[in-house]
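The structures come next, written out as structure tokens.
Shared chain: chain A. Partners: chain B in the first complex, chain C in the second.
Then we have the complex of A and B:
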């Protein structure tokens, strides 16, 4: 991609994000309701774990680690999540993609704009909720003070979000071949919610699963970004950063491959 | 950005263009649905067969045919939406299926039944996004929006959310969006569908205006014969995926070979029509006069609808 093309894409993306934010502002109440439900699951998990620990349970992580993890998890899950697959599949099936394919702009730019702008809006509603959640547990929350760790966290978040978006494009693009990709999308969501660490920290899962959990991709969307803040020593994160980068690269290449191959089969249903 | 060779070559050049759709048959009944989980029947439909077509810069052509004839598939291939199964196709000097920026920035597509405008925001917001996409300078953008606003009578509704516009208003705004970047080639698929008479006239005169002012080539697909008659000199009839006629409207009328009609109006309000064959018109008038007191006699050409109907019903018609 030339610098000129990147500038043009950036300009279109800015316009689309602005427009998406305008639309979100019109339909704002669902956002608040949705974020309240996003915080509820980790809050329940946090209460259950703390209750269990108070009654003698000994998880392989400290109480501070668990508390900080579960306070942050809703934020990280939201920031790295993607919801494009269903809409992309519908566009392919119903021919709505036509309107994008005849424009001199990447079709995925609209989905990226929707993703970014919704996350900005969700962040504005989720941050206060997370802050409220953190208040009663603030004594057990330990966050690093060094800005470098926060930059690393930001990098891991962006990489995790990119990977999840690419997975979404891959699943959505299967609609070029299949009539219904909903089942596949559901399986992916199930795998992601279980293996990403969004429900339970991966570090409390059985030790025997360790090698598998370290190579599977979903953990690099939620558990690993949180780990960049919670790991006692930054030097232990090198392998994780490399594996995450490899998954992102693989996801980008696979998404492009599936998309380009799929477009050749596109029938542009309807007018 | 223009293709280096585009200046000298036709806007559209198709040789042996074909498109085949492959799809799985939908099984009937529960048992067949279960069976289809392990074995499905692949079916092919040849939508376009060996199309040869050349369109020069500045032409307005009507791509016509009955439903399912293949005309929309042709437009989709020409606008880069579909990859042809066989044949050669160059549009504005580019291979459309490659969907390059220089190609896509020279074309525009109006789908009468599908919106290009963003539904939840105003037309002005959609225009701004197109300004970024097509890299239109801000001053040129302001001028063009002003001109289009006036020409299409939409200046007052540019800031109204699209979902609150009437169909006629929305179509005018769709046109503004399609014309903002002054395309070299405009594909208009049923552009007047659902519009009232006045709005149709506006759209037609606008097409004529942009064709005259900017030399924009227009490929029109429409079932509205008034559109065709008002806008196109050249028509290409597509039936069964093949181009079965390519010529002007006069040729088409000749080819259809439908007789003119004499229309008689009687004092009591009755109107009767008689085809004019080899009989002299005087004889027809004398015959008609026996049925009552005549107050008017007119000789009319067969309508384009009847002409098209006659041509569509033929399997192959070569000019």
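Then we have the complex of A and C:
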């Protein structure tokens, strides 16, 4: 990609993000209701795990770890999530993709703009909700003060979000071959919700699952970014960072491969 | 509602159900995938509960109660997702696009046609899985369940399902007042998850909320408790149904007055 192309793509992306933000601002209640639903699952987990610990449960993590994890998890899940698959599949099925194929920029720019702008708007709504959630448990929340940890957290978040976006593009691109990818997308979301650590921390899952949980990709979208803040020693994160980078690279290559192969099959319905 | 309207309503519903089954038979591969995804969702819901239960070693948290809760929860949510929630998820869009007009002019109750006409038969797969869980749990833990417990469980699961559907509908009906409130469906679905955990793990205030205002416990843990120890009076179950349905009917009436038909 030349410097000119990159500049043009950047300019288009900025315009699209601005447009998306204006549109989202029209649907304020949509945002509030959506973020309330995002906070509900960790809130239930938080109450039930703390209640179980008060009833004598002995999980392999401390109460402080569990509380901090479950307060942060909704924020991290939202920031690394992606929802483009069904829209991409629809645009392939109905031929709306044509409009983007003839433009001098990436076909996925609109999806990226939608992802970024919606996350900015959601962040503004979700942060106060997470703060309200954190207030009753503030004594049990332990966050690092070192800025290096927060930079590492930011890096892990960006990598996790990139990986999930690529997975989403792969699932959406299956519409080049199949009429309906809704069930496949449902399976992906199901696997992601459980294996990412969005429901419960991966560290409380049975020890026998450990080797599998360490190599599967979804954990590097939610559990690992939180781990960059909660791990007692930063030197233990090296392997995780390397595995996460490998998954991101693999996801990028796979998304590109599936997209290019799919485009060859695309017959442009509606053109 | 007079006898003729009731008869027409039942006939329409039967035709709608037949139509839904025919649709799933037409799109067989998708129907199978949705069936497996529904069972997968059940498994993903069960695992956190079972993992939590393995760490609790006190008498107050009996593992059989946790497994029975999951079984009851699977049956009630399977019924909800087959018959009620697909329509509730479409309600916001129906209001915004004026599709409610089509329901208003039909010779059947509008709420019925607007909400209960979308049916997803594949979700009933979860009811089968839930029943299997209950049967296996009863024999594994040698529970020796009596007819009184089974009756109490069925009555409360039925009442709880209606009460939670009514609560979900109350949230969805906000669409009459607030534009684009569709994600309240995700909120109701997320909150529903609280019903699959044993009730005693929650703080006292939360336990009260879960059996009253937002009755998630009534579709899982509470009926399961009745199966083991039928203590709550069955006479309360119709009262729960009556109160929750009356509130929904009231909100529906107020909302319908505000509806100004986006399409006309």
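Keep in mind that, in the parts below, the second predicted complex is superposed on the first by the 270 of 271 C-alpha atoms of A that agree within 3 Å, B and C clash if a C-alpha of one lies under 4 Å from a C-alpha of the other, contacts with A are read in each partner's own complex, and residues count from 1 in each chain.
The rule is short, and it goes like this: a contact is a pair of C-beta atoms (placed from the backbone, for glycine too) under 8 Å apart; a residue touches a chain by one contact, two chains touch by 3 or more.
Predicted model only: the values in this text are computed from it and were never measured.
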Which of chain B and chain C A:267 touches, first, second, both or neither: first
Comparing the two partners chain B and chain C, which touches a greater set of residues in chain A: C
Partner chain(s) touched by A:253 [first = chain B, second = chain C, both, neither]: neither
Touching partner for A:15 - first (chain B), second (chain C), both, neither: first
Touched partner set for A:205, first chain B, second chain C, both or neither: second
First, second, both or neither for A:6, with chain B first and chain C second: neither
Contact residues of chain A, present in both the chain B and the chain C interface: none
For the chain A and chain C complex, residues of the former touching the latter: 27, 29-30, 33-34, 36-37, 40-41, 44-45, 47-49, 51-52, 55-59, 180, 182-184, 186-187, 190, 193-194, 199-200, 204-206
Complex contact set, residues of chain A against chain B: 5, 8, 11-12, 14-16, 19, 22-23, 26, 95-96, 98-99, 101-105, 263-264, 266-268, 270-271
Touching residues (chain side chain B, partner chain A) in the complex: 21, 23, 72, 76, 79-83, 99, 101, 104-105, 107-109, 111-116, 118, 120-121, 125, 128-135, 189-190
In the complex, chain C residues that touch chain A: 27, 30, 33-34, 36-37, 40-41, 44, 47-48, 51-52, 54-58, 60-61, 178-184, 186-187, 189-191, 193-194, 197, 200-203, 206
